[in-house]
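Below, chain A partners chain B and then partners chain C, in two separate complexes.
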Partner chain A sequence: MGVHENTYDSSLGAYLLLLPTLAAIIAFLYYPSLQTLRFSFFQTFLFGQNTRFVGLTNFTDLLGSQVYLTSVGLTMAFAVIVVIGSLAVGLLVAFLLYEVSDGKAAYLIAAIWPYALPTAVAGTVLLFLAHPSVGIYTHYLEAWFGIELDWFTVGWQGFAVVTVAAIWKQVGYNVIFMLAALNNVPESLNEACRLDGIETWRRLVRVYLPLMSPTLVFLVVINTIYAFFGSFALIDLMTQGGPTNATNLMIYQLYRDAFQFNNLGLASAQSVILFVLVAGLTFVQLRVSDRYAHY
Partner chain B sequence: MSLDTNDIATDVRERGPLSAIADTQVLPAQWRVHLGLITSVLVMASPLLLAFVMSTQTVPEVYDITDISVGTDGLANYAEVFTRYGMASYMFNSLVMSIVVTVAKIAVSLLAAVALVFYDFRFKNAIFFLILFTLMFPVPVRIVPLYEMMAALGWTNTLLALTGPYVASATAVFLLRQHFMSIPDSLVESAKVDGVGPLRFLWKVLIPMSRGMISGLSVITFIYAWNQYLWPLIVVSDQSKQVVQVGMKYLQSVGNAGQTDWGLIMAGAVLTLLPPLLALIVFRGPLLETFGLSE
Partner chain C sequence: MTGITTTDLVKRFEDVTAVGGVDLNVKDGEFLVLVGPSGCGKSTTLRLLAGLESPTKGSIEIADEVVTTVSPAARDVAMVFQNYALYPHMTARENMTFGLGTATEFTDDEVAERVADAAEILDIEDLLDRTPSALSGGEQQRVAIGRALVRDPEVFLMDEPLSNLDAKLRVQMRAELAELHEQLRTTTLYVTHDQVEAMTLGDRVAVMYDGEIQQVAPPQRLYDAPATRFVAEFIGSPGMNTVEGVLERRGDSVHVTWGENSVPLPSPVSDSVTSHAGDRVVLGVRPEDLSQEMNGPLSMDVTVTEPLGDSLLTRGTVGDTEMEVSLPPRSAVEVGDVLSLTADPERLHLFDPEAGGAFYHSAENVASESTDQPAHEAQWNTT
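And now, the complex of A and B:
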């Protein structure tokens, strides 16, 4: 299969070269992942000092818990909004970048820098700027629209602020990949569109989007994983899961059960559920795309 | 004389796609593209611009919400956050962690990629799959056993715990493998004829040929490592060993007489963003190329 694979012919040499990577993935990835599965069948008590085999009790407890089910629902809603929001904004910006003829390099950097934005910085900055009492955004939103905002106590507002922060942080990444996909559109096709007088938005929807579909599928998968796992810092710094659990994403619930309440078995069961959910969603997304995406 | 659309189309076809008529008719007017880009760039940058302005303000100025002029505190908040609130040590710890992760990850992945491309051995596909499949196991999926492992090894609060779990990389191995496979046969052949060993071949031929890819991967890895939050939060409890992302959390409690010193916190946020932002700006060429996008 490989093009250069007969350059060296010592199997031992190959295994030696692979040794550091294999040792690291076994020690830090596969072994702890399997351990997670094992832990999920145990209950820990006395601050983790003692364990007892409980079979599927952790899972049945979770699936019977209103708090946990709410957290699953919230996380799904959060993921859908973050994926759609960051892809939509990313697409708009990428398309504008693709169309612009002057100053492209400067605009590009100005548009993709959030790729370097640490989640903790995004969370801290928005915590202050949208702060219910001292935040400038809140101040003007209230002044202009005559509304009363307090996302420290109103659930949906807390959820909205965290969602905006998550989208803000993710746009840069999406712009990079979408622009790369747009740049691969054959120039001849562009000319054909121009000659046929196809208007801009129709060109984006009818011509570019189908051609970008492999990239879009990739981005949906990556953004879903980001929404499930990457937003922890936002929650921890901005809302701690509140107000009244309105931003209690699954990853935050897991953290609390593991490292604040020492329920290691219950937390491991949540890790397993997260893995199954994300793996399942990835699989479905790839299957759906097989049917509809133009590769 | 009437000039209907058919005539224009014929006219364009004869004069080529760059004709002025085609441009005005079909391309969105460039001023609208510029307007759209400037708006989106400003919206994305505004939280940071505001954070920067506020970081120069004194506490009373910050609490005067609508005051967005540069404050009278100058860079005093920066000096204070550095000297009095541990920012210097947080940033140093983050820098060490990020550099160690970057160097180790690239080195280990280079070796693995050499084995996968230039050798033929049993279980090659299985091993490659095993490496790629680690993408499905982000830290939250294995966090409890991973933490237990670090505690058992006595690695908590050490650089080993901060960096070890990040060394193996599916992405780096995958991209380097792709890159090595695209190297021309003639170069590989001459190395074979000269009897150059694999490590010398890697050092003398492959690395110099892959400078762009390696710098791109380094920037991606550096930004990724610098921005980690959840794992350091759990595995480091000693504040003097903590990284800057979690340092942001400690800063939140800074203030006097119930008034949070937001100017100081914003100074911390700006400082935390600077290293990855600089890395992105300085190395944007190789970074974008690694993502399949050249300027």
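And now, the complex of A and C:
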């Protein structure tokens, strides 16, 4: 012990060792964040070369804008559906994978494949597969079930397609973590269940879910962040926020204001709102789940 | 009748035979201990009975019903695991009742009553609302036993339930288990690697080695008349000395001789033993049946002394063979000494050097069956 204590007796040495990490974090994380916060109080012209301080105007403008408020509501709905959907489907798939004994590896690869695809590739592929006029999915939906999907023009259909795509993309990630959590359940507990004749679903709900709760808390947080930020590429490739703003999520609105309308100040203000929203949600989730998760 | 009978039970994992043809019969209300070294197949046998593994071959009967392919839950057995297998997120009470939740034959009142009864028997009434993490190892094991009790099964299966407890608690729980069985008289199969546990708990003890049952007998009989060389060396602490020698006839008496050492068998010796004269045999004698004697027939070069308090365990070489002798405490023996020893003529055993089966116990002074037969079969029905 004594030797180790003496090795780093000056705090200067410690800071020196931290310097590379601190430098990288400050340059690429804190500085841009602070810049964003600063920009949110300015109106910008000419790609941000000319700026004018406007105080909280950006924020008041946003909160007074019907388009923006609709986007916030839409994002909330999208996030709730994606988080619940991807967790539920992920749990189902993970549980089936856990229970199956033959061909486990093949099923696992199939289940996590979508996650391994870059979002841009996944979006492009889905766009083709589900294209209203030439897509193979839409063709058979119409041929077999008589359902005519026109999600390029019907708002809720566009929203539904993007939501399903976002869930599909995230399920693989959840499956990996959930399967890992399931595999951590001691084998003797499974055997105790078998001896007690606990039915499959009761076993999942009463035994596995509580034991998986730390992983589930983690996944709720990660999936929330994904729903708010990670869905950008899918929207951009598949709907561009349309039809009629039906898929205009906050992250997409932000992108448009920043890079299509060159309104960096307004976009920065949206960044701040988005950040506060997600940070707040994450905080609440962790607080609430602390009470229910068994660590 | 709620006994257990297995017939030619075989379990192979790929090319490993874990259980190689076990015929076991646990009588109604009996506490039978299955003991053996690690990897001998005893736990696999228990798991086959529980239904957690399915046999490659053979059949299992519990309470006169063939359950070989019946699901674990339908066998009406309760198992106690080495690591307790309690649900960590449930209280002790929930752990005990969770398995009952599916059995519709109990009302809530009955369930509560059963838990109260079990808790009283096990003295865990104050612990029922705690989760396992707030319980000590011994308390957790009581809850695990309580979980088995509330189900009121036909059969208890216990898989090394005391192995995770510290030495003192293990002795205490051992006594409590014996008491519990005295009270309940539920047919119990208990697996352990600890031969002391086996001897103290079992009405009968089955010794298993290499996937096969070597001998099933009451503890004292196991100790006094081991059916095989393996049982002789495994049972007892320390186990029996075994030494390879030649059976020699000298006039009327018969000796086992190796090197300069020679142990006479008490007369008269039956013909079935004398017929082996000139053959190689394995002589077995327990450390406590050897003693110091002036000009005794055995001479030991002492290599290690282990004072155990109530005795002085002394190890050394007799001829070329390692042997142990249990001497009175405070004997003046030091490493490097040469001891002159004699063996209690009433406590000698002879084993076949190849098959390992016993064919002579001097205490009985009668030959058991022929040595050609594998020992575990020869001894099968002697219990």
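In this text, the second predicted complex is superposed on the first by the 274 of 295 C-alpha atoms of A that agree within 3 Å, B and C clash if a C-alpha of one lies under 4 Å from a C-alpha of the other, contacts with A are read in each partner's own complex, and residues count from 1 in each chain.
FYI, contacts are C-beta pairs under 8 Å (C-beta built on N, C-alpha and C of every residue); 3 or more make two chains touch, one makes a residue touch a chain.
Given the structure is predicted, the values throughout are model-derived calculations rather than measurements.
After overlaying the two complexes on the shared chain, residue contacts for A:67 are found with neither chain B nor chain C.
After overlaying the two complexes on the shared chain, residue contacts for A:186 are found with chain C alone; chain B is out of touch. Of the two partner chains placed by superposition, A:56 touches none, neither chain B nor chain C. By the touch criterion stated above, A:25 is placed in contact with chain B alone, chain C being left untouched. Legend: residue contacts after superposition of the two complexes on their common chain; A:202 is shown touching chain C, with no touch to chain B. With both structures placed on the common chain, the touch criterion links A:211 to chain C but leaves chain B unconnected. Once the two complexes are laid over each other on the shared chain, residue contacts for A:236 go to chain B alone; chain C is not touched.
Counted by residues of chain A touched, the larger count belongs to B, out of chain B and chain C.
Residue overlap on chain A between its contacts with chain B in one complex and with chain C in the other: 191, 194-195, 197-199. Those residues of chain A lying in contact with chain B across their complex are 1-11, 13-15, 17-18, 20-22, 24-25, 27-33, 35-36, 39, 89, 92-93, 96-97, 99-105, 107-129, 131, 134-136, 139, 168, 171, 176-177, 179-180, 183, 191, 193-195, 197-200, 225, 229, 232-233, 236-237, 251, 254-255, 258-259, 264, 267-268, 271, 274-275, 278-279, 282.
Note for the complex: chain B touches chain A at residues 5, 9, 12-13, 17, 22, 25-28, 30, 33-34, 36-37, 40-41, 44-45, 47-48, 50-51, 54, 62-63, 65-66, 68, 108-109, 111-112, 114-122, 124-125, 127, 130-131, 134, 136-149, 164-165, 167-168, 173, 180-181, 183, 185, 188, 191-192, 198, 223, 226-227, 229-230, 233-234, 245-246, 248-249, 251-252, 260, 262, 265-266, 268-269, 272-273, 276-277, 279-281, 284, 288, 291-293, 295. Against chain C, the residues of chain A that register as touching in their complex are 186, 188-189, 191-192, 194-199, 202, 206-207, 210-211, 294.
By the touch rule above, chain C contacts chain A in their complex via residues 50-52, 71-74, 77-79, 81, 83-85, 87-89, 98-99, 101-103, 151.
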